[in-house]
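Next come the structures, one after another.
Both of the next two complexes hold chain A, though its partner changes from chain B to chain C.
Take a look at the complex of A and B:
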């Protein structure tokens, strides 16, 4: 029983990890929690749905299309909404991001309604071993998340743009002074994060369902993972995702599963009280 | 039609109480609260359950709603001890969702998604069915007035100045010897009590409460009311609550003119309009339609030379 829960937890973690990394990267340059991330994930799920079911494309093409399409949508959200408001207080931007999330969610509702949908995929038997079950799609999700994690690590650590991203997140003015084109770096960060949100939308469509609120249900676990790992720290976000993913599934042992979405909140509240800067984060010095 | 207007005005009243409470917490003290729906639900279910399950008189159950709101507000505020404001946003949102989850899942007590039927209404046997909505509107208006007077008194008092100091910079307030934590807990608890009151009044008005009413969306409408009106200004948000309700309800009549959209699509458009307006207002008039009045030193003759350079850098 608990072995199956651990497998579910790992799948859950793989679903949360890419957007948690993206949220962390975005927080590094924006300095406010962007509540629209769930809506971005929903956009990814619906683009993939439109390409897969609507246009009849194979799943992998639809997935890549969703990543590209969501990247553009996410970048546009910065250009149209957030960029003109840089320098406002974090709370103002936070309210703006919630309003943006509502707009995106209801634009999708306007065209697709509130029905629950799924991809057009052949039904596969789950693989069974030692009494445990896992579907082929879930294995794909886990493998792809590991690949993404390594790719992000290589990008941040060894490429020029990755180093520029870290420098900009660390201290934008200093990066600017050192000759980094920060507005280009910020746009690039939005694109990368958008692609990650789009991919998460595809994962959500594969493992959960496609509906206008699918991203909203993921928002809090994503926040929890990013905060748990230390907000602004992409590696912490991966660790955080693993812990939140497991915690959500393992609470089923003690609480009815309908309380699952409350777990993320409780983790956030407890952790912030004990360690306000997360597990791997550095304490911020207030000037 | 007039029955419809009365019911709309009653709902504006609930919005106004919630907005006044949020203004006390956020507009005046700078404490973010996205769990408004949770406090609202707590008030509604406290009063509803006490009157349905235990048969307590309505007056007492409504008072108990204020008490639970007060306690819940105080406890949530204790979390703010160590939290930055954006983290507090997430934690309060979480509080709201957990209240909703409990109301949804503990259905042997709360009746869950079926909805809790509440028969008791204040002064119900003293008036006939025709005039009762008007009486209830009067009751809600009285509640709005009381809350308004309390919040406005706090704003003008020395405590109000301390709260604004905490809002602008809590470290400075602390250094000046103000007990920041105590003020924050007091204000958040009082705001919670007002939200509980609004919830109780709502519960006995609609007489059937179910968890889906208390979605986080409620918080957005109230934030919108406060932001439109002008954070920190109690008069402005009375206007703001009216504006938001007019957009929400007024767009219902759009259906008469636009017949190629179904109800679901119309409600989606309604939310889109609210969202776009909210962003537009924050961008064009970030301090609202009626901004908080700035403090001038003109009355004090000894400080004539001082320039009014204390504009808060919002």
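Take a look at the complex of A and C:
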């Protein structure tokens, strides 16, 4: 019984980890919590739906298309909305991002209504072993998330642009002074994060359902994972996602499953009280 | 006399409304050191930030080798051969010492190995602590990372904002020695210093700034001898 919960937890964690990494990367550079991340995920799910069901493309093509399309939408949200607002307080930007999330959600509703949809995939039996069940799609999600985690690590640690991303997040003025074109680095970060949100939309469509609020339901667990790991720390986000993913599923052992959605809130509240910089984050030094 | 490498003419700059620096002229030629001294709030750091492109001048002209750089973004000015070391937040705290130096050679990545050896010869501690995050270093070591980063390019002009701030007296001396050594390779150095006496001693030229303007501009030795300057800016600081 609890073995199945752990499997569910790991799937859940794999769903949360890529957007939590992306949220963390964006926060590192822009210094405000972007509440539109859920809407970005929804965009990814619907682009994949349009390509897969609407245009009849194979799932993997639709997935790549969703990543590319969402990357463009997310980057545009910076160009059109956040860039003109740079320099405003984090609270202002947070409110702006909530407004953006509502706008995106309702634009999607305009075209697709509120129906619950799914991808056009052949039905497969879940794989069973030792009384545990896991679907092929869930295995795909776990494997791809691990690959993404490693790829992001390699990007940040070993590539020139990755180091510039870290440097810009750390001290944008100094990065600029050393000759780094920070607006290019920031645009690149939005693109990468957009692709991760798009991929999450695809995962959500595979494991959950496709509807205009699908991303919104993931927003709180994503925030919880990023805060738990230490906001602005992509590695923390991976660890945070694993813990939040497992915690959400394992509460079913002690509480009715309808309380699952509250777990993220509890984690955020407790963390902000006892360790506001998260597990792997660096405490902010104020002079 | 050779053409000045760095020439700033009639520079006006400020934050928001109102200027902090009103029509300042500063120039340094290759292989020379110039120091700006003056009381707090005189606009010294503002002036140096403006040359580096961190702030944008409202009026006036800033030229490197005769080429106008005023109004360009800092990243482009860096590519024109200007290396600026800010006073605060002058290292990437989350990056290791070596990564900081890699960021230093961002515009000339192929030169990294060569320059790395040169910079580590000046500051051997940077090699010892290569894998430590800059944020975990002591203040003095951070200052060396900051300075070393600027030397990872071979700049034409080095802009230093309080290079001796937060250093122990022995290290201040060492820092000034290194500045002199670097300067001898032909780099023009413009610095802002609270440690006016010691800074002027290694400088060729000195500017006294007060209330956003250049109150005096004279060879450093003259400023050191001037009773007015020593009373106002040198005596009280020590």
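Observations on the model:
Everything below uses one rule, namely that the second predicted complex is superposed on the first by the 286 of 287 C-alpha atoms of A that agree within 3 Å, B and C clash if a C-alpha of one lies under 4 Å from a C-alpha of the other, contacts with A are read in each partner's own complex, and residues count from 1 in each chain.
Here, a contact is a pair of C-beta atoms (placed from the backbone, for glycine too) under 8 Å apart; a residue touches a chain by one contact, two chains touch by 3 or more.
These figures come from a predicted structure and were not determined experimentally.
Of the two partner chains, neither chain B nor chain C is touched by A:123. In the superposed pair of complexes, A:171 makes contact with chain C only, with no contact to chain B. By the document's definition of touching, of the two partners only chain C reaches A:180; chain B does not.
With both complexes superposed, B is the one of chain B and chain C in contact with more chain A residues.
In the superposed model, A:258 lies in contact with chain B only, and not with chain C. Interface residues of chain B facing chain A in the complex, by the touch rule stated above, are 26, 32, 34, 79, 81-87, 89-91, 93-95, 97-98, 101, 104-105, 171, 217, 220, 223, 227, 264-265, 268-269, 271-272, 274-276, 278-279, 282-283, 286, 314. On the chain A side of its complex with chain C, the touching residues are 160, 163-164, 166-167, 169-171, 173-182, 282, 287. The residues of chain A lying in touch with chain B in their complex are 32-33, 81, 84-85, 88-92, 94-96, 98-100, 102-103, 105-107, 109-110, 113-114, 220, 223, 227, 256, 258-259, 261-262, 264-266, 268-269, 272-273, 276, 286. Those residues of chain C whose C-beta lies close enough to touch chain A in the complex are 52-54, 73-75, 78-79, 84, 86, 88-95, 99, 102-104, 106-107, 109, 135, 149, 153.
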